[in-house]
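Okay, so chain A shows up in both of these, paired with chain B first and chain C after.
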Partner chain A sequence: MRFYEFEARKIVELAGIPVTEYGFCTTAEQARKAAETIGGPVVVKSQVLSGGRMKAGGVKFAETPDEAAEHAEAILKLEINGQMPRGVLVDPKAEVKQEYYAGVVWDGTAKRPLMLFSDIGGIDIEEVAEKHPDHVGRGHLSNLLPISDFEAKQTIAATGVTGSQLNRATQVLARLARLFRDNDMILAEINPLAELTDGSFVALDAHMEMENEAVGRQKALLRRQLEIAADDTREPYEPSAFERNVAAIDAADHRGVIQGRDHGFQGNLGLVIGAGGGSLTLTDAVRSQGGKPANYSEIGGNPSVAKACGLAKQVLEKDGVEKIAVMMSIVSNTRVDIVARGVIKACLELGRDPGEAIAIFRIPGAWEEEGFKILERYGVEYCDRSVSIWEAAGRAVAKIQGTPA
Partner chain B sequence: MSILLGKETAFIVQGITGREAVNLTRECLDYGSRVVGGVTPGRKGREVHGVPVFDTVAQAVENHGAPVDGSVVTVPPAFTKDAVLEAIENGIKLIVVVTERIPRRDVAQMVELAELRGARIIGPNCLGLIVPAVCKMGGIGGPAKDAAKAYAPGPVGVMSRSGGMTTEISSALTRAGLGVSTAVSIGGDAIIGSTYAELMPYFEADEQTRAIVIYTEPGGRMEAQLSAWVKENDSRLPVVAFMAGKFMDDEEMKGMSFGHAGTIVEGKEDTATEKIVRLEAAGIRVVERIDEIPDAVKEKLGATV
Partner chain C sequence: MPKQLDKVFIDVEVDASVAADGALAAKLEEVCPVDIFKAAEGGVEVVEGNLDECVLCNLCVDAAPEGAVRVVKLYER
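Take a look at the complex of A and B:
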């Protein structure tokens, strides 16, 4: 789950890391008041989850409260990469002496959190690591031991930072590491971390991302402190009608799991496929042989006839879909006959001939003899494990393109 | 021979009274595995297919009267970490974690404790492992008669981030007359107990294994780690890899994860294209099509004889 900048700032603040006195505003009038309170030049920043807001005109500087209100008015109406802003952040234009970078991420190979620190801030850390590797300090953390300040200190000292800067930055990085672990983050980044002309350190911008699997146990932070609504899921894009419908069918019945997506797919071959790895392999196999998938889907965990039927119907009814291909890797839990019944029912209920609408049915495994018998009766072309995933996908593509397999 | 698991391996099932766990227990017993106990807190005294159920792992170990080698953990995500720590602290050395949707922090904690205690975790979000015609630990391959159809003994070690694809690939190897030494469903999450590279030394030491097949996906750095291992250790085992999810490299799919939680691409190096380049640089044959795997293995085996 991703956070807006104003939320990330709040998370940082709750962890005891100093931030500038900022204001989150949803109207131009609030922005004027925030600028008055700050008293001096401010920066007005669009609150969107997408990157590239500077380039899109979503960040503007203002000398006076009137100017801040004017910018806020314009930015609040400005769509950035398909997203309307949640509001604007009004922030004092800080007197910065030096910019640093502080971050914590997961190192999947070491299976530990990794602290990163650089005395070059304000730009992408990957770029710094590439061009100035000696300016990036790294330190792994234990998952079991408490996080000690010295670990942050070592990481920072590796970049050559010393003096009071080292001691002040140590507090920031150690707190950031603790908040990363305590709040189940997969990314916690302060960039830039600014040293102001008075020597104090403040977080000028922060990026946070919480692991989706942990959202349920972080309710205290999410609901109470950040006041994020339970249905505010922060998908990278707005779900389509197809995606919403499939999710609703899945939620209506606890047996088995179906998922469907069509973001980025616009083809004529509907895919009723599964499971996780099988779906990835099948989607590639269709595309590599010139097929145009209309969607991506996953069937797993032995869904009911109604669920399989619901998914197949949604796929068949999508704009531009001519036929569907029903394919999975060998199943041991999901039953072949149940999926067969579901997809045939979907065709019949939509007034389609299953033998014509289903380009191919390739699901080998549990209860396959029963499943194949049903398919046979409705004239649906099917195959067992002797036909590979690649070949089955190829047959479906050939059929929809009207060329012999 | 085999890796990690053999016909003598005695294991328990934690969460044994759950619907999936009951099926899994039946399947394992039918396939010849030694399931010596089960644990579900508050259900002591029951039986699942003749396997006695206990409240704690300690009770199950005591009842067995000898060290318990392994545990299959299939409890809800919020309770998984505790169950795994309980297994480790009761001396169990091989733990298969079936549960999916466990937060990474919990997985990392179990893995770190396992390292300290000399235990090995397979998964989470996996189907376990199977030694064809001997035994299996987990739902891998499904009911015994289905598992028998897909898995015949042979010289190929299989490791896969997808449980279903472990069986799909093993079935193809079996149909081609090759067969499998041990197949391991390693799990689809971003952090897992045992990566390809971490299991390679076991296969390397197993005389039956003469080649390796891996199934992989975008996301993570596990393939880079395998490539480095193969190069550094001058492995005797030829490796054939299949990469699924190439469509995720498309611009429109950026930032999305498909199939498994671990497929989230967090950096340039995690894309399918980059991974293929890295694997090939280590001398690993990456096949374009899934059905090319058996021939690629035969070619490699021919070269090593």
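Take a look at the complex of A and C:
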């Protein structure tokens, strides 16, 4: 789950990390008042869940409260990467001596949080790591043991920072690391972390992302402290008709689970796939065989015939879909015969020949003998677990491309 | 409206000798996990829209007198 900058600032503040006095505003008048309270020049920033705000004109500097109100008015109407802003953040233009970077990310390979620090802030850490690798300090953290300040200190010291800067930055990075773990974040980043002319350190901008699976147990932070509504899912884009329809079919029937996504997919091979996290592997298998998936989907947990049929119909009806591949990666409790009935029914109801529309059916598992009888009856090519998913994907791709497998 | 096909894969036959039996109708309605039977005023009613959801559990066959209810796999015909 992603957070707006004003929420990320609040999370940082709650962890005891100093931030500048800022105001979250949803009207130009509120922005004027916030600028008056702050006093002096301010920066007005669009609150969207998207990068590239500066380039798109979503960040503007103002010398007076009137100018801040004017900028807020324009920014509040400005769409950035398909998103309308939730509001604007009015922030003082700080007197910065030096900018740093402090971050904690989830290292999926090491399966541990990773602290990152750089004495070059204000730009992407990836860019710093590429151009100035000696200016990036790294340090893994335990998932269980208490986080000590010295671990943060070591990470910062690796970049050559010493003295009072080292001591002050250590407090920030250690607190950031604790908030990362306490709040189940997958990303907690302060960029820039500014050293002001008086020597103090403040977070000027922050990015936070929480593990989606943890949303349920972080209600105290989300609902009470940040006042985020339960239905505020933070989807990065508007769901398509396909996605909405699949979700509605799923919600209408408690049996089994189906999901469908087609954002960014434009291929001709529809996918009805799933089982034990197999959808990603199956999509990759199709791609590595040169195929062009038309969608991503998940089917499992023993859906009803109607649910399997509903998903297959939605996939078959997508623009550009020529055939569908029905595949699962592993043997699961999902009944093969029930899914076979569902996908064949989808073809029949749409007036398509199942033998032509279904490029391959590879679902190993419960009631497969019964399933194979149905598939044979309708002339659908199927295979069992002796055929790998990569090979099955290859057969589907070959069929759609009109080349022999 | 896209068309909806029923009874593509499964049919259920209820023998005329038990079709009007209210007690059996109630029993069949209770045992079928996918609501294929309904206890109607006239006895056993088969809900066509649910036939293809049959999970082949045979609970209906076992609940009825021998041979009175038959589950037919149309794809084997």
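One rule holds in what follows: the second predicted complex is superposed on the first by the 295 of 405 C-alpha atoms of A that agree within 3 Å, B and C clash if a C-alpha of one lies under 4 Å from a C-alpha of the other, contacts with A are read in each partner's own complex, and residues count from 1 in each chain.
In the analysis below, a residue touches a chain if its C-beta (ideal position, glycine included) is under 8 Å from a C-beta of that chain, and two chains touch if they have at least 3 such contacts.
Everything quoted here is computed from the prediction, not taken from an experiment.
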Quiz item: A:Ala306 contacts which: chain B (first), chain C (second), both, neither?
Solution: second
Quiz item: A:Leu350 contacts which: chain B (first), chain C (second), both, neither?
Solution: second
Practice problem: Have a look at where A:Ser288 lands relative to chain B and chain C in the superposition and call it first, second, both or neither. | Solution: first
Quiz item: Among the partners chain B and chain C, which is in contact with a greater number of residues of chain A?
Solution: B
Quiz prompt | Which of chain B and chain C A:Ile389 touches, first, second, both or neither | solution = first
Quiz item: Which holds for A:Arg341: it touches chain B only (first), chain C only (second), both, or neither?
Solution: second
Practice problem: Please give the residue numbers of chain A that touch chain B in the complex, ascending. | Solution: 105-106, 108-109, 111-113, 126, 142-144, 181, 184, 186, 211-214, 216-217, 236, 261, 263-264, 274-281, 283-285, 287-288, 296, 298, 328-333, 364-366, 385-386, 388-391
Quiz prompt | For the chain A and chain C complex, residues of the former touching the latter | solution = 304-306, 313, 335, 337-338, 341, 344-345, 348-350, 370, 373-374, 377-378
Quiz item: What residues on chain C touch chain A, complex-wise?
Solution: 2-5, 8-9, 34, 52-53, 55-56, 73, 75-76
Practice problem: Quick one: which bits of chain B touch chain A in the complex? Just the residue numbers, please. | Solution: 23, 77-78, 101-105, 107-109, 111-113, 139, 141-143, 146-147, 150, 160-165, 167-168, 171-172, 175, 188, 190-191, 195, 215, 217, 220-222, 224-225, 242, 244-248, 250, 252-253, 255-256, 258-261, 263, 266-268, 288-291
